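Before any comments, here is the structure.
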Amino acid sequence: MTDTTLHSSQPRLITLGGALPWLIGSLFLLVMPQVFTSNSAITIMNQMAITIVFALSYNMLLGQGGMLSFGHAVYMGMGGFMCVHFMNYIEDYSLPIPLPVLPIFGGLFGMGVAMIIGSFSTRKAGTIFAMISLGVGELIAACSVIIVAFFGGEEGVSGDRTMGPPVFGIEFLHQIEVYYLTAFWLVLSALLMYLFSRTPVGRMANAVRDNPERAEFLGYSSRWVRFFSFVAAGFFAGIAGGLFAINYEIVTEENLNLVQSGSILLITFLGGVGFFFGPILGAIVFTLLQSVLSLQTEIWQLYLGLLFVATVMFFPGGLAGVIMMHTLPFRLGKARLLLRPYVKTLLPALIGLLGTAGGMEILYHLRHAALGENEMSLYWISFDSHSVLPIAICLLTAAGGFWLAKRNAPELADAWHEANTPNGGVA
Amino acid sequence: MELILVNLIDGLVTGLLLFMLSAGLTLIFSMMGVLNFAHASFYMLGAYFAYQISLFLGFWMGLLIAPVIVGLLGALVERYGLRRVHQYGHVPELIFTFGLALLIEELVQFIWGKDQMPYTVPEILQFSAFSIAGNAIPAYKVFMIFISVGIFIGLLFVLTRTRVGMVIQAALSYPRTVEALGHNVPLVFMGVFGVGTALAGVAGVIAGPVLSTFPGMAVVLGSIVFVTIVIGGLGSLSGALVASLLIGWITTFAKAYTLRMEDFLSWIGFHKPVDMSESLLRDVWTLTSPQVADILPYLLMVLILVFRPYGLFGKRDA
Amino acid sequence: AENVKIAFIDPLSGPFASTGSNGLKQYEFAADELVNKNGGVLDGRKFEIVAFDNKVSPKESLIQLQVAIDQGIHYVVQGNSSGVANALTEAIEKHNRRNPDNRVLFLNYAAVDPVLTNDKCNFWHFRLDANSDIKMDALTDVIAQNPDIKKVYIIGQDYGFGKAVAAAAVSMLGEKRPDIEIVGNELHPIGKVKDFTPYARKVVSSGADAVITGNWGSDMLGLGKAVIENGFKGPIYTYYAAGSGITAAFGESGKGSIRLISEGQVNPPYSDRAKEVYDGFRARYPEGNIDMPRIFNTVDMLANAINEAGTADDVVAVAHALEGMTYESMWGGKVYIRPEDHQAIQDINVLVHTNEGITYDYDNSGYGVLLEHKVEMASADSPTTCKMKRP
Amino acid sequence: MNAMTQSGLSTATPALQIEDLRKSFGKAEIMRGVNLSIGAGERHAVIGPNGAGKSTLFNLITGRFPPTSGTVRLHGHDLAGLAPFQINRMGLSRSFQITNIFPKMSVFENVRCSLLWAQGYRYSFWNMVNRSRALTHAAEEILEQINLTNRRDLPAGVLSYAEQRALEIGITIAGGANVIMLDEPTAGMSHSETDYIMDLIRRVTENKTLVMVEHDMGVVFGLADRISVLVYGEIIATGTPEEVRANPKVQEAYLGAVLEADH
Amino acid sequence: MSMLEVTDLHAFYGKSHILQGVNMQIEEGEIVALLGRNGVGRSTTCKAIMGEVEPRGSVKFKGQEVAGKKAYEISKLGIGYVPENRDIFKGLTTRQNLMLGLKPGQKDGQGRWKMQDMFDMFENLDRRADVEATVMSGGEQQMLTMCRTLMGDPDFIMIDEPTEGLSPQMTQKVAELLQEIARRGISTLLVEQKLSIALDIAHRVYVMGHGHVVFEGTPAELREREDVRKEWLEV
């Protein structure tokens, strides 16, 4: 959590160092669709953007406020439902509300709900908060199939984004138009959330996370600090919901159930709760894996599960943590030292992994493919899954790869140690 | 009248089943402070292992062996997974179990596929023990009751007669110091986790045939188990028992008797609007108790947490 | 020539996985057996079934639909859950409006909520199964002839289809047998009930002589088992109490008491062709059942329509070819697609769960469903509120 | 800054006025009717045997526990039923006997957070704290004073015990409250550090009110204008260091033989 | 054979080298004081001997090498450690805290100390025997930690700043207790801030600086050595 203090020493209004990442990021968002033009690519990017906003808002709770929530999807979902309803109002009463402002309503609604729930759930932190969030999450998810009038029951509520007044002739018929709308909201909300972490409330959120009692003796009510963070998080979750509604034009019970809440927890953690940009990484990587892997293999969720468990066990700081580990070597200008050892260990390891995955794929096919369907293709090669050779090859590559990696690991360790010790500095 | 009795029995069975799960979880959660989200997954493993074993050695061997295997698995998970994650704090720990739950579900599908397993009640227990007003009470349910009561007594003994509980409690705040006093903390933790998961395993073996054995069976129970121990009060075994029964009966009765919100509302003096096709409240009016039966426990939990954070029997805060 | 891809969007995981994957098997087999074996359609283009798992979730289905469209697929088949179907048909309607150059057809083979061919009908949606009203009409005819039935209990899943079944049952019984008392009429959450015992207790203690349910997948299995275990003896009138492990589960206990309503007859086999097909299917999927003969009709009719239209890429032409098409089914009778609402009109059978006179049993259990009563071209003139907009 | 204004008017009314304060935990009666009045600008030490109730007295004054009965007045305002943060906003700040800091945050952050409310930032979410020069300077000032500048960006948790004690004091004095309560500030410090902390305390409590619990008689007699002796929930003596030293009751109840032992 | 023999002991926190070759020797029944400025590594020395921080070098207890053993094994051999920041177990009463001092399988009364002795020595603890221990006063907690370790009946005990936060006459009492401990044939390593007491009761003293021992001798000798006190103890 200490990253937040890094800039604190130069109190200039806008530092280049501070602004640069944002400029680059925005530029990136602008050109992406020129690079990946296919419809599906844009669909994926939209999904990414939405997940990023949601994950960032979740990290306002977990990372900064130390509030572990199992029901954050509720606020996204609520925002989403509000927005579809708005879409339909716009359609039915042809209101002059342009689509791009819709997410605001989602945000406000999410915020409203967060106020109500937060009023009692944020009184305590820790397990109590976690469990209340779980309970409330389940309750509202369940209501969604009962209160059909608002939630549309099993079928959810769907709308049509193109019914609003066109903005500069844009009717949002096409993914690409929606993409830019989403991207705009992404940048805006990300920036706002970043700034929030710098406000007094944002800072005190950290303090309350670490030691709520002491904070009380510094003039701040832990409960209110929690409440404000919670409400803010609810707002941005609502925005994410609005974006979801605009993208998919349907919102259902799954948008606010436990599964959704759980996965955002995992995504955020995968990216790393310790740094602001962690959740962004998490969202990107997760969405990519999900949409790419799921097309390649049936057991992609198995790989995801393995990834998560591995992350928690070996990189509790998440992806962001792994990256930040390298800041010191770079500062010392010793990053080069790591290059070769990395290649020499990670490459074989990767091969090993591919081998293992191959083995699993074959096993799975063996076990579950229909009778007589022995033909399977893997890594663009097709072969008979029932013959011994392929699996043997896979297992051998796996073994070989890992053996190599293990053999070269010590070298990496040494290089790592070396790269982290300033010249002349004693161990 | 008879129907009430019948439902009391059904509720009892549901409740005791829940208890077998929550017992293990209280052990782990309240003692080790680990929010073990994978607990229900171990329950699922119990069912699948038992099914697999029963194919070769029959149901009873399954009942004996499966929990042991699950327990060992649990111990391994603690030794090579949790123990490592433990040092990073509670949230990573929880995420670990969270990921583990995901992983186990996928592994189960990997091995046994997505369909339901034909895991059934053993022949000898496939008769109805007795029947009340035409409602048959299967012998298997009676059997379940005995098993879970046995577990309760066993656990109570372990917890009250040994120093284990205290050691773990202390290790929560200062594990290093507890070790410096001569207690082998890692071993104790591993043991507790093993036993806890083994209990989940037993529950799985027994529930598998009645609640059906399929990859989703863990998710279905996953969160309700937490609800149970929170309502009961963390760290209190009897609390877990009472809460389990409470939940069992509440849900059973809510389903068995169709109470209408409409009647209730008009009883307290509201008048049903003539046409409410448009009003948001229309669904509130048509609400019936079976519809909400399964979420009543969550409602109960939230209320308890707001007004009595330490649960029904708990000593300290959740 | 490149394949004609058909997107199969249905549950392949979750509580309804077995229903879905069983349907998939039948599609894959039908495609090979009826089309690809005979050199495919047009200039030898083969049918290729591309499976998408939607976990019976409308949201997931739309995401999968998007993926399918991005893969250049023009034909979508789906059936499990009218909830999903409602979402899909709307989404496809929208998509076709926005992308006139890349349109999609929706062949619905099982989602039988009447609205789909009434208020929510559109030009791109075809329903090759009889809707729940048509089926209930036939079912209630049978019930009406059984004088021992004085009290019925209606129970179903809490969503469009379940509600439709309940509504139809109440009104139609009201007409045909005003003396019958409805002793229970309730809905339970779909796919969420762990233990049906409490419901079963209610059924038994209500003193009902018969039960009517539209439940399917694990909900049918759970409900049926609980009701019978609990000592209920009377007949159970169902829409989907066959295959997917359900038949096996009922076995002896369901003999003669479980009836279900469905198109197409498997026992006794209607035609040699049907026999041939079923044997072929058995050879490939020893565990599988043909419990949705309409799937074979669907595939074959699509092939015919494509051939008639002379194109597989201009779905408008294909749709026009389907409208008003009449098709001879190997499972018996004709299938006629009403142009005004795209609802297929066909023979509807009431089948009974038994082990006598069964040629093709389900779940290798020795039990299967036997034809008991046939209604030819059921409700051919039933009214519809559909106002079809054609491009 | 509200602290100043109050110290202005507080010359007349005592800074702290405690009347018949009682506290029981269960059957155990810890505080048995304490009466104590501490004038504005006074440096007051509370001494007494272990378990006498000194920390409890602090906890009752600062709103950590509610008293069983009795009243506490800060500059004449009754504190009954107020939460710690409300009392702190009235210009009272305390330190803890058992170190109580923000372990995961950097040392600098620890101090800056303790400045926020006092400098009037409150719950505002429109201004950025890292933009305010004043704030940063103030925080760095404090770091200088407690000699932790070189630990600025370390997580507070890894400091050595003595360093953490220093930070504890830094957090307490940062806000510039005009009533400062320190619970055993020099416990666990070496002689040199003790001396250093002593005149740090002396400096920062210039014309402010200081209430302090301490077992190190050197510190007590070095700093305090007046001393109260608390024994099992009752104040058996209050007065100038000399009076207290002379008091026979105090002799046997607390100071005992050791008076000479320490210098 | 001496009770404890530490030769060339090193210890690290991450990359910072805290102990750089400590040597010390403690005989049966001897009280040895370990003095030094804050942060020189006295607590770290104890932790290294106890195996709480990884020791590099040799630590012989009754002639047996314990370096590299697990903390609980070392404790079972008869070494007791009273940590500096008390570590009172949350959620347990005073009595339960004391019970945890007993080794697994050990019953109260086996060994030199009984729980009753503790209550007799410190009536504060007696008064609070059954309240949750963490609510007790700082001083009381200090007493409790010491007693808790004694319950395990160690032959050699390391006590880190036992008089911190104790009132003057309580300090006296602890001093007496320490001597009583020695009388019962237990060796003591005393890490103490208050020079006065340390010099009063210790038989020998080590002074630490820069991660190793810079002075060894009797209290009397240390009183003589103005220079050592100035440079390493600032008094």
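A, B, C, D and E label the chains in the order they appear, each numbered from 1.
Quick note on the criterion: a residue touches a chain if its C-beta (ideal position, glycine included) is under 8 Å from a C-beta of that chain, and two chains touch if they have at least 3 such contacts.
None of these values were measured; they are calculated from a predicted model.
Considering every other chain in turn, the ones in contact with both chain A and chain E prove to be B, D. Most remote from chain D, judged by the distance between CA-atom centroids, is C. Between chain B and chain C the centroid-to-centroid distance comes to 37 Å (mean Cα coordinates, whole Å). Note on chain placement: the centre of chain B and the centre of chain E lie 46 Å apart, centres being C-alpha means. Mean C-alpha position of chain C lies 79 Å from that of chain E. A straight line joining the Cα centres of chain C and chain D is 77 Å long. Multi-chain contact residues of chain B, defined as those touching 2 or more other chains: 109, 291, 294. The set of chain D residues that touch two or more partner chains is empty.
Annotation for chain E: no residues touch 2 or more other chains. Listing the residues of chain C that touch chain B in their complex gives 12-15, 17-18, 21, 158, 186-189, 192, 194-195, 197-199, 201-202, 204-205, 218, 221-222, 229-231, 245, 248. The part of chain B that touches chain C in the complex is made up of residues 3, 6-7, 10, 14, 109, 114-116, 118, 128, 131, 133-136, 138, 210-212, 214-216, 220-221, 252, 255-256, 258, 288, 290-291, 294. Interface residues of chain C, counted against chain A in their complex, comprise 25, 57-60, 62-63, 66-67, 69-70, 81, 83-84, 86-87, 90-91, 94, 98, 158-160, 189-190, 284-286.
Interface residues of chain A, counted against chain D in their complex, comprise 1-2, 4-5, 7-9, 11-13, 195-196, 198-204, 206-207, 209-211, 213-221, 224-225, 228, 232. Only residues 13, 37-39, 43, 84-86, 124, 127-128, 131, 135-140, 142-143, 161, 164-172, 193, 195-196, 233-235 of chain E touch chain D when the two sit together in their complex.
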